[in-house]
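Pasting the structures in now, so scroll down.
In what comes next, chain A is part of two complexes: it sits with chain B in the first one and with chain C in the second one.
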Partner chain A sequence: MYNDIIIDNFTNPQKVGDIALANCEFEIGNPVCGDRIKIQLMVENNTISEARFRAWGCATSIATANLFCESIEGKTTSDINQKNDQDIESMLGQLEPSQHHCVHILKELHQQLVVQANAGAQ
Partner chain B sequence: MDLHKFLQQAGLDPIKVALSSVGQLYKMPEQDLLDFKCSLVFESFKFHYNNNDFYRVSCDKKGITPDILSSSKDLIKIPLIPIELFKANDSYKLLSKSLNTIELEMRSTGTSGIPSVSRRCDETVDNAIFGIYGMYREFLKISKGAGLYLCPSTEEIPEMGMIKALNLLAGLLDTHKFMVKNETFSPEESLEQLENWDNKFDRHIIGPPFLINRFIRFLKATNTKVKLDKSSLVITLGGWKRFSGEMLSRNEFNQECMEYLGVKEGQIRDIYALVESNVVAIDDENGVKHVSPYIHFSVRDPKNLDKEVPEGEIGQLAILDPLSCSTPGFILTEDLVRLLPKTEEDKRNGQRMQYIMRLPESKEFGCCAVNLDKRLDVLEEENQHASACPVVA
Partner chain C sequence: MDQQHISGYFDYNATTPICSDVIDSMVPAMKLFANPSGNNRHSQTIKKTINEARQNVAQLLQTQVSNIFFTSGGSEANNWAIKGVLFKHIDKPGHIITTEIEHASVLDTVKYFADTFGFEVTYLKPKKDGAIDVSDLENALQDNTQLITIMYANNETGVIQSIEKMATITSARKIPFHVDAVQLVGKRKINVEKLGIDYLSLSAHKFYGPKGVGSLYIKDIDSIEPLIHGGGQEFSMRAGTENLVTIVGLSKAAQRVTESVEQWDSDNWQCKQHLVALLEASPLKIKFNGSTDYSNSLSNTLNIAIDGIRGESLMLQMELIYGFIISVGSACSNNKTINLSHVLQAMNINETDIQSSIRISFGRFTQLEDIEKFVTALVSAVEQLLAISTGY
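Here is the complex of A and B:
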């Protein structure tokens, strides 16, 4: 049911936690019954130096949050903005239909990051 | 005779035998049933102790190892997992098997919006399904009829434990309809559906108490009285506290079901279940909830969780569930319950319980139904405002 990417990121999440002095944070989720992911970032000179998450939900969504944080550390927002939907989709490997909503979660995390970064720049 | 050992020696899985022998287990002498249940729980404890690092470390800290558990007096020693750990970011620690073996994730979401997620491997799914069906057959005896589901379908919210458990009943019916669609509920359509099924099927109403109550409020407001059938059941599963904090009174609910749905009290059956456990406790025809006979309820003093309260007294529920293979099934809930003594007319042995309420200090309450109930209220209010006169938008 779970591919190796999901297993690794769920059972050994390296980026779970909080950043005390985060200068960017956002949260996505379904208010009724869905998954919730809170992201905290430390952005310095337009580069994400640190990313942490708290996530509540299915194993795939928790793995998605970890994967997202790992993938953006050390990157600039313009690097991240260059990723297209296919790049993002391939990050999670092959998913079962019941896990596919996490592709949308991952896309939303990228979108939110760009929105927040742009808002911070203004 | 050590039944557990006997079954193992015969090449049978004692859990699977228990799951298919619900009626027989309820007829066993109390001590024999308790001994058998203990052997299932101890075997399960041994498995989780040996396969779950997080749990084993917690047990070792308390000096609890499988070899010190031998009789029912030792059940209280089994370390419990607080239910909030199922909501934690690091809930992978609860797994006694690899994530790769997990077949099904199910969840429940209360007022906090944080989902509690339980993960079941194929063996646990087998146990859960056999267990739920066994209990449905023992107490509800449903094998035909029509089900008016006053809740969303599993298609809309596939992972919700409550809906999944109620949906299992659908396979026993001839037809069924889910009446909450896209977060909207039309009581008019529900009434029409019941009328369409009249004289064709035994009509059952199934759903969380809030939503059945919502339907009854409509019947009351329109002074409509339905007469369901002799074999109809009103089956509820889910919390009795609304999002506003208001408690639905079980007595009032029963009275209104009798008045507006035309059923007798024995036709109203509530089910207690938790997504993190495989237990179902179902009302018998006298409104007494019976615990699944292979699962043990231990009611603790909330101020001293190492101590059980006497039978009949209210305490915090701990569940010892040997059906759970993927995560330890030894759970400290946030529910206040009491175990009830056996009455003369009760044919079944085993444990009987009464749900009282969620712990007052609990940070949240309810299941997915509580959020749905809130959402329906908001939508209703919006509709009323939209059609209100004389404001021009």
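Here is the complex of A and C:
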């Protein structure tokens, strides 16, 4: 079964697409089930003004990518960096065991964002 | 019946909608509470009803009533056939032949006998089209082969095995041959005696009957051990007070199959041809998993891989946005493993295609216009998913 957060983000993903002049971009994947997510960001004055994704994977991973983009728009990288594991886990709501790999995907997206932001800052 | 649910239901191989005359037959049976094993006149009435049910199932399989034993469903019937035969050899475990594409109730039971009692097992592999080569069965036979258990039609691909040819070989060698016909009964006409097999499993909910009831055909009662001890029910082979309500439902469903299976099959075949033609004319890039022709596959089943999408995402999209229910052969399991269909893997289909595969199965309530709406929805759903994954 899929919870309402997953259903909403999967059936009506608002953040699908590309940013022509993206200044931050990263990709993650799950080698076991093959899920792949590409994130493009426009970061202005340390704030993420726009976030878009492309994804190939299960419904929950597509929903995860959309939810991630929705949640980071308008935030600074330091806002995002302050999120702990519990904050991130709660974003996806209650998941079936078969969907738990998406918690790891969401954590990895956050980690990658921080890494990329730090790299950009240097 | 919820008409919208029925029109959008394309998962008949998982279970079928229970038909209204089956429900009508079951409701009065709920009020009959006498124990069928009693000696009072109410008990006699129930006993008579159970005998009529046995007759209807016997007629469905074109055999005698004494060969029909009620069970709780297909899994129990499969378990009974395997355990009942192998327990006769428990002091001298020999060899079993089965296939890689069986239902879990066969594979897990066979594995249990191999792991616990030391039986040797040969797993036959299907060809790319999903069929088991009859010569592979012949070559796998050993002097100590004690059981052969092979499914008639596969639940995922609908591919039909050459059971009649296989039975010629097994009966000549007098090796017990069990056939899991759960997916075939209700879709094609069947004559167990002509087939020459020893055991056959069926399940009522696969042919518009209730869940929780099935049957095992046993050619020779002395060839198999009882399943449940402790009473005289089912000729002392499966003790326990009979579940009258579900048996009555099975009876009515079996009667309907006997009367109408050829018509249903013809209608299904028309739907399948229409579905294949529409899919081939669509912009979708598809591959058919297994045979699709009439002789070698069920008329109601199609398993396809669609390029560029994940079957699981498509399944959810089809249900939530378009109201169509289908099923898939692979799903996420956890972070370390993925559940890929063992059937498609056995057919040597690559992992990407397995992840992109869906099973479409329909039935007697499906109309040609439902097929058309289904394909229109499928094309839209795939386009939406491809738009999300563009660039991958």
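One rule holds for everything that comes next: the second predicted complex is superposed on the first by the 119 of 122 C-alpha atoms of A that agree within 3 Å, B and C clash if a C-alpha of one lies under 4 Å from a C-alpha of the other, contacts with A are read in each partner's own complex, and residues count from 1 in each chain.
The criterion applied here is as follows: a residue touches a chain if its C-beta (ideal position, glycine included) is under 8 Å from a C-beta of that chain, and two chains touch if they have at least 3 such contacts.
Bear in mind the structure is a predicted one, so any value in this text is a computation, not a measurement.
Novice: Looking at the superposed three-chain arrangement on chain A, would you call chain B and chain C a clash or a fit?
Specialist: Clash - chain B and chain C, as placed by superposing on chain A, overlap.
Novice: Using the superposition on chain A described above, determine whether A:His104 touches chain B (first), chain C (second), both, or neither.
Specialist: second
Novice: Regarding the shared-chain residue A:Trp56, is it in contact with chain B (first), chain C (second), both, or neither?
Specialist: Both partners, chain B and chain C.
Novice: For A:Thr11, select first, second, both or neither according to whether it touches chain B, chain C, the two together, or no partner.
Specialist: both
Novice: Who does A:Met1 touch here: chain B (first), chain C (second), both, or neither?
Specialist: First partner only, chain B.
Novice: Pick one for A:Arg36: touches chain B only (first), chain C only (second), both, or neither.
Specialist: both
Novice: In the overlay, answer first, second, both or neither for which of chain B and chain C A:Lys75 touches.
Specialist: neither
Novice: With the two structures laid over each other on chain A, which partner does A:Lys83 touch: chain B (first), chain C (second), both, or neither?
Specialist: neither
Novice: Which of 182-190, 218-226, 254-262 or 290-298 in chain B clashes with chain C after superposition?
Specialist: Only 290-298 shows clashing C-alpha atoms.
Novice: What is the shared patch of chain A, the residues that chain B and chain C both contact?
Specialist: Of chain A, residues 2, 7, 10-11, 13, 16, 32-34, 36, 54-59, 62, 98 contact chain B in one complex and chain C in the other.
Novice: Which part of chain A faces chain B closely enough to touch in the complex?
Specialist: Residues 1-2, 6-7, 10-11, 13, 16, 29, 31-36, 54-59, 62, 98.
Novice: List the residues on chain B that touch chain A in their complex, please.
Specialist: It is residues 87, 89-90, 92, 95, 98-100, 102-103, 105, 107, 109, 113-115, 117, 119, 157-160, 183, 368, 371-372, 375 of chain B that touch chain A.
Novice: Which stretch or stretches of chain A touch chain C in the complex?
Specialist: 2, 7, 10-11, 13, 16, 18, 30, 32-34, 36, 38, 54-60, 62, 97-101, 104
Novice: Taking the touch rule as given, give the residues of chain C at its contact with chain A in the complex, in rising order.
Specialist: So the residues of chain C touching chain A come out as 308, 310, 312-313, 316-317, 320-321, 331-338, 351-352, 355, 387-392.
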